[in-house]
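Both of the next two complexes hold chain A, though its partner changes from chain B to chain C.
== the complex of A and B ==
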């Protein structure tokens, strides 16, 4: 039964899920990162614009504007969006689930060029180019 | 790990199924809002006056605060009732999608029934409060 789990941490890490398992982990990590980022960003916008021009909001947004943070959050947003589109397509047309490994290859082929270009632009402007 | 027996999810038309469907449909809805936002921005002279990063910022949340620091001369067409509705839709889709996802992850690691119910209540409260703050920010910016 799937509801009984007796898998320890090390056993879980050794699990050979390969491509689908990697996207599963990355989807969860990027999703949680986006939830935390968006929640703090809404609060920061509220604090700095609507509530007395608080410096806390400006401080939070100054973290978000740094280029190192942008590298991370753009990875999360882009990966979550592209992987999410794959999940939606495979879930709404269940016959396609047979080809999910191929779908994951296509997904990386879409993700990598877009993210590489963005990475190049972010780092170049981050280093003052 | 201590076992906490719980019932299997029910099949059929229930809250969990509705949220499963909402997660998929809200994803498509957010894609649609982002595409509308980018298309409209390009028609409103974003090509000449905005960087790609600012365009992305606008795509994720069509709010005039994301435009005022660009070279766009006049933000009047970038605010108003249409963009307010788009922004609020984006906020509600993203909030429901994200917080339900958070709950999904948490419930994978928590098996005590009362803790799960407590978390469901907490996430609902966070969703209502954050949506209220977000709508207020959108309507007053």
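== the complex of A and C ==
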């Protein structure tokens, strides 16, 4: 008797895991985004070389080249890299895991300036044309 | 102050689906959520079911999700939760009634890592001695009270209950790194299985949730390292 074991996606997402859990989610989302981006990129490259698909290829390319998309994909790539490094470091030196909260602070401290500079450059050239 | 406490309710004999019931009651800042539940059960609604025993953070029976985060109700003050409190059963274990979940899968994983001393060498005349430094290596993981806060906060466990879970790894760590125990290899082999230690994706939910402040992810990291290097240090 009783309910079935059931952990819905929404229920999991609503768990208040705070900072570390946020990086976990962002890692999955950014990883998936990068895979989709690269796959579409290859597809677009292939299509634009085919007479029958060139307009589709060009259309996909035009999405990439928009600066708004670049803001997103650069976030994914940079975050995924830095967060991955944090996990690799903690995996290799388990003693450091005690300082995991600090590790996340450092991660954001490294991430934010780099991302802000990139953001500045992307937006300026985006708006400047 | 007046607090509003919204509690997950499910009675297998009557309800088809779970629901939430809201109770209002007077409380002071230093009341614990467990006190509130006791008050609701005692004065407002005797049908409310939950587990509790020691009421002092030692037995580990009143783990639940309080405002969306795993804690012991007996260690959570109203001061920290605020005046609106949502109480739900642990996630990832079957709900039996209201806040009571079926802990059996959890204990099954616990037993699977053989959480007892294994040493077939002839007994010494006095005790098996251990230096303070040897003891310190696994001190942290002796503190576990088996409340399941960690295992049920772990996304890997939510995704699949076959995952042995942080609590069982903590129990294994406690013996793997104990110099008096001789079955480290056996336990490491169990944790090296498909549903063993490598399902841990360093989310740190377990470390954050542990009411005993055990560095669970660190213990898991040390077990992973022992598996990789084959050394126990």
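Going forward, the second predicted complex is superposed on the first by the 110 of 129 C-alpha atoms of A that agree within 3 Å, B and C clash if a C-alpha of one lies under 4 Å from a C-alpha of the other, contacts with A are read in each partner's own complex, and residues count from 1 in each chain.
The criterion applied here is as follows: a contact is a pair of C-beta atoms (placed from the backbone, for glycine too) under 8 Å apart; a residue touches a chain by one contact, two chains touch by 3 or more.
Note that the coordinates shown come from a computational prediction; the quantities given were computed from them, not determined experimentally.
Enquirer: Can A:91 be said to touch chain B (first), chain C (second), both, or neither?
Expert: both
Enquirer: After the superposition on A, what does A:112 contact: first (chain B), second (chain C), both or neither?
Expert: In the superposition, A:112 touches no partner, neither chain B nor chain C.
Enquirer: Look at A:15 in the shared chain and tell me whether it touches chain B only, chain C only, both, or neither; answer first, second, both or neither.
Expert: In the superposition, A:15 contacts chain C only.
Enquirer: Quick check on the superposed pair: does A:24 touch chain B, chain C, both, or neither? Answer first, second, both or neither.
Expert: A:24: touches chain C, not chain B.
Enquirer: Classify the contacts of A:63 with the two partner chains as first (chain B alone), second (chain C alone), both, or neither.
Expert: In the superposition, A:63 contacts neither chain B nor chain C.
Enquirer: I want to verify the contact counts: of chain B and chain C, which reaches more residues of chain A?
Expert: The partner making contact with more of chain A's residues is B.
Enquirer: Touch check for A:42: first (chain B), second (chain C), both, or neither?
Expert: In the superposition, A:42 touches chain B alone.
Enquirer: With both complexes overlaid on chain A, does A:100 touch chain B (first), chain C (second), both or neither?
Expert: It touches chain C, and chain B stays clear.
Enquirer: Residue overlap on chain A between the chain B contact set and the chain C contact set?
Expert: Common to the two interfaces on chain A: residues 3-5, 87, 91.
Enquirer: Using the touch rule from the top, collect the residues of chain C that touch chain A in their complex.
Expert: Chain C residues touching chain A: 10, 12-13, 18, 65, 67-69, 91-97, 102, 153, 155, 158-159, 161, 201-205, 207-208, 215, 217-218, 221-222, 224-225.
Enquirer: Provide the residue numbers of chain B that touch chain A in the complex, in ascending order.
Expert: Its residues touching chain A are 1, 3, 5-6, 8, 24, 27-28, 31, 52-53, 56, 60, 65, 94, 98-99, 101-102, 105, 126, 130, 133-134, 136-137, 140-141.
Enquirer: Quick one: in the complex, what on chain A touches chain C?
Expert: 1-5, 7, 11-12, 14-18, 20-21, 24, 87, 90-91, 94-95, 97-98, 100
Enquirer: Where on chain A does chain B make contact in their complex?
Expert: Interface residues on the chain A side: 3-6, 8, 28, 31-32, 34-35, 38-39, 42-43, 45-46, 49-50, 70, 74, 77, 81, 84-85, 87-88, 91-92, 118, 121-122.
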